[in-house]
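The next block holds one structure in the form of structure tokens; read it before the comments.
Chain naming follows the written order as A, B, C and D, and within any one chain the residues start at number 1.
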Amino acid sequence: MAVLEAQEVTAGYGDAVIVERISVKVEAGEIVAVVGPNGSGKSTFLKSLLGLVRRFCGRILFEGRDITAFPAWRIARAGIGYVPQVNNVFPNLSVVENLQMGAYFRQDKGGIQADCSEILEMFPELKRRSRFRAETLSGGERQLLAIGRALMGRPQVLLLDEPLAFLSPKTAALILRQLAAIKERGIGLLLVEQKTFLALEAADYGYLLSEGRCLMEGRGSALLADASLRERFLGLRKEV
Amino acid sequence: MEILVADRLIKDFGGLRVLNEASLTVTEGTITGLVGPNGSGKTTFFNVLYGLLKPDGGSIHFRGEPITGLPPYRIYRKGMALGFQIPRLISRLTVLDNLLLAVRQEDGTGLGTALFARRHWQEKEKGLTYKAREILELVELAPLALKPAGELSGGQRKLLEIGRALMADPVMLLLDEPAAGVNPVLGRKIYATLERLQREKGLTFLVIEHRLEMLLDFAHYVYLMDAGRIVLAGKPAEVIAHPDFYTIYAGESYQWLS
Amino acid sequence: MDPLFYIADTLVFAGIFALLTLSLNLEYGFTGLGNFGKVAFFMAGAYTYAVMASAHMPCYLCLIGAGLAAGLIGFLITFPVLRLREDYLAIVTLSFGEILRITIKAQEGIAGGVQGIVVPGAFAPFTDSVRLLALANIGLVLFCLLFTFLLVQLLTHSPYGRILRGIREDETAMQAIGKNTVIYKAGALATGSVIAGVAGGLFAQYISFIDPYMFLPLVTFFVWIMLILGGPGNNWGALLGGLTVELINRGTRIAKDYLSLPVDPNNLQFILFGMLIILFLLYRPQGLLPEGPVKTAARKEVLRWRSSLPTGS
Amino acid sequence: MGEFAQILLNAAITGSIYLLAGTGLTLTYGLLRFPNFAYAEFITFGGYIGYLLLQKPDGSLPLAVAAAFFATGLLSLFSHLLCFRPLVNRRASLIPLMVASIGLGYIIRYSIGEMWSWAALSYQPVWQAFDLGPVRVTALWLYLIGAALFTGIGLHLLLTRTKTGKAIRAIAGNPDLALVSGINRDRITFFTCFLGAGFAGVAGVFRAADTQLSPVLGWDILLPIFAVVILGGIGSFYGLIMAAFLLGLAENFGVILLQAVGLSTEYRMAIAFLVLILVLIFRPKGLAG
């Protein structure tokens, strides 16, 4: 059974439909990438899974359970972690407090503490600054903190909104390595990404969105090999 | 001829030295790139150059005049314009109004002239619409001239932001990732437009850019920034070929480009 | 009471409040500045008029003086906080409204203090007829209103007004495109205060006696209701709001005389006004008349060349 | 010497009222990011609830304080549910929220006027007085100062040590992220509104016990309370405590000064205004900023 499954989701803002009948499946320990050009509705789709935008129809199943009607905070508690693209930390809280907020709904004090130190070990960049307020961190460090915060809730699946945007290639590579490590822990990852090449290379499975609809799906490497996709959406001029 | 000279700029944020004696020189009529890892201080550098932040040390000269510590509106009047990374448009005003707002020394913008030089500025505005139309056609937004800017899509907003910077007839533009958030095809088109303006009108551009292929194709000169200072400078191909470039910036993930 | 006089009285008050609403529209509706001390500038105008008229100066001079004094005070009080967050301006203006009233109340020497001050009427030397007086007052108020309306309308449909609207939406962006936003905000507040001062002068002249208790924060509240109801960012809306609220106000006063309610109609009126403003903010924040586009020659020009474009583009 | 001690005591009393009343305002100002002008009326409302229990000489102060706390907390909760939450959900900006809070203030104030009339009322109990060195104090003042300090320190601990307190700060810093982190944002906001207004109600009881009760009780001290909240730095408790007592001192010394130069003591309010303007010009982020 897929850990997270979206069935024919149609969503948007107000009366405007942004994405139409999108179905996506994420298995445990798998990276799924949703790629597509600007304005294709990737982020809106992600937010629709979290109950942050209006859903017109479709169902969202988490471990087989229908969570379509849940409010955002209950979806988080069910085991879906989310890393937004911008505004992804609590600026006025320290790094450690940010991590604690990720475990807000957990009751096991000892476990929270253990997870907190584990994540700080995992991201040495954060450990150095653990007592600083998050607003003093750089963009890349914030992205790491946001991922760490989401992991503190011990999610079964992690949703990431353009985790590589605005990052230098070096930091992007670091983030991708961390995502691979998270995947090894049996967590399913769903990432929405504009950097199509990097995302599909890292992903086990990919979906290509355009103008609110799913154009193509398949294994990451298979999508990458598709010539028409390369030309239309990657804008790559060099042969790789 | 250098148009912009920044000399040993310093900026502190609560104990954090974000700019650490950063210096750069931009030659008139070129496209100059600024690259660097995240958190290296590029955006802060821009904000200090443009007067949105006051530097804690160092000096800035624009066309030979000192502009250190001047507020942005005065720097703008001297012929420098800034494009934000995330476009900041006036969403309830139309696309046209957004362009007209950017005109330098526009008539009728004072309390008195708005009332008493009415005929005069109405004439001027008519003339400005032709210029606005040219720019709108350049950025392919002409049919949307009377639409509120808030109704544009992300890519269109980015284009309007650049169009607005052009409307001021600037001598120099600072653009923070002009092609970020738009698809690669459109991104190249934006750069091709910048290049044409540089070639035909002699405009100077200083751009923050992550996409190395854009810099390779369009920039004349590149500065690499790390930890608040400029560490490398030169022609794009030279900088990218430099061994330090890989250790500081690219890391191992960049093989796919070459 | 003479019903004709009653209508005239209503019109004069509606006119004075419409002036205040227009001034708040310039400040809040177009520039986004929350002035919660409108009454202070109204009061400054009224007292300036009173003092000048007591020194036997002619009406028009007193009105100009009232406007200038209020404008100057408005500029001095708000300038220090214009660089700060918008809520600070609200708190400072609100506080200043109270401080000015307390100051005048405590100062016996200047303008009667708590006792109040008699204001010589502008038309009193010419006629004794109540009806003629009322008519003259309507004329004066309507003239000022028309003049102000045109002024605000021309200002807001000009490059100047376009910049004000820009500042309302995103101040940093406006600075980045070369506008000294602090000067614009100060200008809008000073102009708004001048208008409020003139309204204060008209008020003092009309009712011929003023004391500090007439300038409670209630006045500010009324002006806000009128603007929110009428439509922020629309000058016609400001007029409509001023008239509507004044009529409701009069209606309840008449109701007080003819109806016997289990509650004090005065209390009831304010409870209802409080609810009305919240309901409007919730369900019709754009007011009765929503804001329109900036109308200048440029818009017309674009409409023309756009209509000549091939269809579908 | 005795006079000086008396001024210090007065400053502590004034400061304690400001501290109690400012606590709730700074909490919700920090969380919902707009100044709620109806706080003035929450203070007044608390005073009148206290009156229900203290209109007889044998009324119990602790009971009145508790009742005022709960009743005012509930009133705030109601107003949040019916007015501010729907507005925030409709993405109303700062100024409409402030306008709505003024509207709400009028609804509450005139409802109080309707229920209890506009005449001034007084609490009936007589407070035990005793000499403390050179000054005479009443038990009421000691309770007041104790309550204020307890509130200030207690809330500081709540915000920095407890999970709920950290969640309050998290929402203040990034409301949307709090939601997707599994924080039940509504519940925390309700709790904060209740708690904050509760303290305003308590301040109303003490203010009414110390002076008189009227429907403009809260409005009359709204300006100094705003001055204190801004001087302290919005959302900061160490700052608030310091600011409350600083303004208390400034006012009480200022009054002496006013008398010395022959000006009316009605200018007392102007001192708070002066402090407010000076803070905004020279230190707009407050003491803590």
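Heads up, the rule we're going with is that a residue touches a chain if its C-beta (ideal position, glycine included) is under 8 Å from a C-beta of that chain, and two chains touch if they have at least 3 such contacts.
It should be emphasised that the depicted structure is a prediction, and the values quoted were computed from it without experimental measurement.
Distance between Cα centroids is largest for the pairing of chain D with B. With centres taken as mean Cα positions, chain D sits 43 Å from chain A. Chain geometry summary: the mean Cα position of chain B and that of chain D are 48 Å apart. Separating the CA-averaged centres of chain C and chain D is a span of 31 Å.
Residues of chain B found to touch two or more other chains are absent. Arrangement of the chains shown, judged by which pairs touch: one closed cycle in which each chain has exactly two touching partners. The list of touching chain pairs reads A-B, A-D, B-C, C-D. The touching residues of chain D, counted against chain A in their complex, run 163, 166-167, 169-170, 172-174, 176-185. Against chain B, the residues of chain C that register as touching in their complex are 151, 154-155, 158-163, 165-166, 169-170, 172-181, 187, 191, 291, 293-294, 296-299, 301-303, 305-306, 309, 313. Contact residues on chain B toward chain A in their complex (touch as defined above): 13-14, 16, 35-40, 85, 153-155, 177, 180-188, 210, 213, 248-254, 256-257. Contact residues on chain A toward chain D in their complex (touch as defined above): 50, 52, 72-77, 82, 84, 87-93, 97, 100-102, 104-105, 149-150, 153.
The residues of chain C lying in touch with chain D in their complex are 28, 32, 34, 36, 80-81, 84-88, 90-92, 94-96, 98-99, 102-103, 105-107, 217, 221, 224-225, 228, 263-264, 267-268, 270-271, 273-278, 281-282, 285.
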